[in-house]
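Shared between the two complexes below is chain A, which pairs with chain B and chain C, respectively.
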Partner chain A sequence: MFTRNFRNICRRYSQSVTFRTTETSPVQQNDNQVGLFYTIEKDVCKKLFGHGGLPKSYMKQTKTFTETTLMIRQPALDVIDCIKASDLNKPAIRYVLYGETGTGKSLTLAHLIHYAHDAGFLIVHVPWVSEWLRRVPRHKEMSNSQTREGFVDLPLDAAAWLLHFKTQNQTLLKCGDLKISKDYVWSKREQTSAGAPLAELVEQGISRVKYACDVIDALVYEIKLLSNNKQCKTFVAVDGYNCFFYPMTRLNTPTKKKVKPEEVTLTTTFMELTKNDWTNGVIVLSVDQIAVPEDHQESYLPKYLLYKKGFEHLDPFVPVEVGRYSEKEFLSCASYYRDRLWLRGPEDLETELKLASACNPYKFMELCAPL
Partner chain B sequence: MSVFIKYSKPGSLGAVFNVQVLWRFNSTTAESIRKEEDEEFRVLDILKKKDRQQKKQIRRADIQPDRADRMATDQNWGNVWPGPKTFHPSSVPLPIRQGYVPKGQAPPGKKANAELMKIPNFLHLTPPVIKTQCEAIKKYCTEWPKLLNSEETIEKHYPLEIISSDYCHASPTIRNPLARVVNLRIKLSSLNLDKRARDKFLRLIGDRYDEKTDLVTFIADRCPMRKQNLDYVNYLLTACYHESWSVEDWESEKTEEDMEYYDWNNNASKRSLVNWFLKCNNEEKELTDEEYKNFDISKIPNAEGYKNAVNSLMNDGECDATLKTYGSSVRKLLGLPEKKVT
Partner chain C sequence: MRNLTNQLLLFKKYIHELNSFRAVIQSRCYSRPTSFPDYFQNPIFRKEDQLKLIENNELSKLASVPIKPPAVYETSSVYHDPLVNKVINHVMEEGKKKLARSLVEKAFENIKRIQIERYHLATTPEQKSKIVLNPKEILHTAIENCKPLLQLTPIKRGGITYQVPGPITEKRSLFLAIKWLLEAANEKERTVHFPEQFAWELLDAANNTGKVVKRKQDLHRQCEANRAYAHYRWQ
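Moving on to the complex of A and B:
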């Protein structure tokens, strides 16, 4: 027992490269920690990403490693710097994360959400837009919108998202400072009156799934209003945002009519949220090649993925590229994998892996799996 | 083969082998064998190889040396080969070889070489001959205009280029179907077109315009004769030119989508920038399209760079460089720190 522990300790401390940092709050992180890993506490992780937000393959890995660690990388720090430097009283600034497949856009977004959580933002986070518009399980719940003519509701998805929103913002919602501004009448017997806390609105959506889409619509309206009145600051994060602009979704109405994304109520809601006509907000979006079907994956650049329409909707936005690992980041990641015993073997294995993976983080992870 | 025959007398005690006769079954006798050895062994020569080899060796002794070998090195070649004619090995003092090359050998020489006779030759068109011929016809030429002394002036006064090809080959007919093809080239800048007419002209001619060289090229090969094709390309140019100047009713319906290039002033990008600026200054205003178009962006700090960045992103296409300039100009516009270079 003792020898094994001793060996473990020896292994830990014999490595010359430091790859961990104890700075667990993204608010405090700075450029000195680029390339180092920090651990997200378990309860925070469960709170923020319990209902999605981290890629599946990464989730698997965190389970294997028994910890959720993120590498502190330049794009995330860059956005954090910008957020700190910007004046929140001005209209919300849009940041668009782009990059090749597997370079860590979603994880950068996760890092930023963690930052927003620590900095006390109200988080409006859509884990993966394609989940709504492109993934069609056998029983996809769809209905025609009651309030808006010609629109399609996705009540189950909407309710699931409300739950996600509720868990992410449980502390802010619990304190009850956030009140709604006007009466919402859902049906003859159900209504949410003005002055009720925001949590009540969310609860309404979760318990009465039928109205979930309308609740989100109202919620977004209220959040914008509250932010404008400086009662809260809001952090909007949408992963795979370009999916909203691909001309077709994979949804079919019961009459077998193809649904366009702008005919889905959730789309219009989040379009409204990503405009820059409100203040006290930060909007971080990611555009991803794999959010749209293969015929539109030729380039990873934002204008191509967003189409002209999306570009004009977001313009002016700050493009932030999430690139491949740099030399330092790669070494740090390799030593982290070695520490987790995910990677074993001779020292010169790294050079080979570096060439084989071309410093692409996802590929590197995949290549290390059988080693 | 030998056979031993046993001979015995009845009544005697034992068999006595006292007589042995050697018996030859062959019909030849010892005499005939000797005869064969004297004569030569005759081979049946069906292909008559021996005779043929002998035939080859027969040569004429009184053959003249080749004319090509006797030529003087300083002779006037124009006199030896004055006009176009089929190759003749004795008249050409050159070690020419042509034809199928067997492995490990040189190509066949010039003598009795059909390959050399098949191809057309230009031995009558050596540079000195051409020079003398040019000298001879010079007296019929007019002088080159002095003012057309550079490429630019030629291009200016004669913007139109007609390119056609003549073919010369040795075959029963002197006509080549490719000779009918006529190319017409003209610089687009040399045509008198305004902005609208230029756009229409470009749309009419489609892919016949090369942006890099600014050349418009019409190619005609639909008529059987060159003259007809020439008329046709001239007609095409004239028709396109005049058509691009005429304005149709439906042209007023051109929208932003149909624009040939991205004009930032007319686009949503300017609208969003102006909205953003007004919002920053807490001015809520509803502007009409005209007001958006004419909004003076010099009031907005760093807006000029942003405008140029969006223009280049839209017009030059999206790549890393244009996106980078766009990013940095947006950061300047919004007052954000520059991206750190790692």
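Moving on to the complex of A and C:
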């Protein structure tokens, strides 16, 4: 018994799999680093994902592990290579991330956002669409739109998103090169004049929550114009995009009328942004089964999840599948968990866990939790 | 290297404990008759037990004996632990084993998170080596610390019921330890979740402090106070 244990422990300490890379910038990463973990610096992480963007269970892990690390995986690298190789002067290319639940679509998106940040893109990132359309906390602010007949505004959510936008792009907004092109009149006394910096428009939305939805509308229009004029390049990322196309939301108007997603002003705004009628931009969307209710979760393929309407709206797009762990990725992940003390025990644990989790990253993390 | 051997010793101790528990826990005796006649043997489903049988050449004896099929929870998985299974069964209500299992596993997860956090906070290597990170090990020590050594039995003599101290069986003391731990965990605010509270209770008990250890000590004190009645057990 003793010798066997001793042998096991010796093997564990001698057989150290490399699972970390020091290459912290996604711009520099290449195919040699597939399956390795890289650390996102704390301040960058706070800047990019301080207002959402990383899944809750992952946030818990980062707290326990005392660091934010992402695995470099093939889908993210593929998209980065595509972005590097493509001509930005052509209409924006749309990438759709899809995959089973728990395979890491959101984290791939996070990796791409980090890339966009390092490559100097203007980031337009929606952390989770269902947060707007499907989650109804006790005090969900809703009002009928002042500017558009028959539409519904979500002022608080919109203002929160503007704050998110502001923190993500603070460096770009601070330098003030981005100017708006026309006058916006919000009310008799409030207006934003042409030539003002983009930051002022955002500030207006945050301070006057009532107009936040209209501000986002104007912002999207301006961003498209600026990108067309080559003043900035834009990276659009929307997580749980298929939620826009599910026939019903869980919102009710004060008169108890059910709201359809296309009657929400935010939906129309982001529909406008995901069209390919503008240049100098990259659009990465993810479709997720858990963004829609259970009755529409039979398949994870984009055609099923986006419905006919969404599919036609996005067509043509580049589908990118985010799959389960490969052999190498699984081993690297397991040794990372061992390094972070999350996984302990004999070596044969790995084979068993591999079988039980079917190499699904989220399942694997869950199964490791009580060990 | 010293650290390594230390870990090894701990591990060996843990295995030894496991074996002693297994003797108590793994005997499947049913209160009601089952579909199997009583000459059916309990299955031996652990690989290491089977290896031991082969070493002692007892496998051929079992070959001709009818044996019960193993239950669903009796697996040869690496992370099978009979005591954990026992605790899960105690947590279970109305046969909802899946729920009970998830609760206990959540509690383990909480323990692990708390301990890892402590581990990262600790500054010196000696402090770090003292922190037990394995939640199962913590459960084992917690239950070991909660097990009472004596019990009080009410015995009626001359119209008066005396609380008479006496020895306790291994099985009953295990039962009491688990029961007390669960009672302590359920005694909580409505807003606190069971896994959280259970994790705290286990950590306290493993540290030889907390409600349950106090309860055990109270029982021991009561037994000590009533030692004058001890002769009623046989008179």
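Basically, the second predicted complex is superposed on the first by the 356 of 371 C-alpha atoms of A that agree within 3 Å, B and C clash if a C-alpha of one lies under 4 Å from a C-alpha of the other, contacts with A are read in each partner's own complex, and residues count from 1 in each chain.
Convention: a contact is a pair of C-beta atoms (placed from the backbone, for glycine too) under 8 Å apart; a residue touches a chain by one contact, two chains touch by 3 or more.
Nothing here was measured: the structure is a model prediction, and the numbers come from that model.
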Chain B versus chain C as contact partner of A:352, first or second or both or neither: second
First (chain B), second (chain C), both or neither touched by A:66: second
Touching partner for A:344 - first (chain B), second (chain C), both, neither: second
Contacts of A:370 with chain B and chain C, given as first, second, both or neither: second
Chain A: partner with more touched residues, chain B or chain C: B
Those residues of chain A which chain B touches in one complex and chain C touches in the other: none
Chain B-facing residues of chain A, complex: 31, 34, 74, 78, 81-82, 85-87, 90-91, 93, 276-277, 299, 301-304, 312, 315-321, 326
Touch list for chain C against partner chain A, complex: 4, 7-8, 11-12, 15, 77-79, 104-106, 108-109, 112-113, 116-117, 119-120, 133-135
Interfacial residue positions of chain B with respect to chain A in the complex: 267-269, 272-273, 275-276, 279-280, 306, 310, 313, 318-320, 323, 326-327, 330-331, 333-337, 339-340, 342
Complex interface listing, chain A residues touching chain C: 1-2, 5-6, 9, 13, 60, 64, 66, 340-342, 344-346, 348-349, 352, 369-371
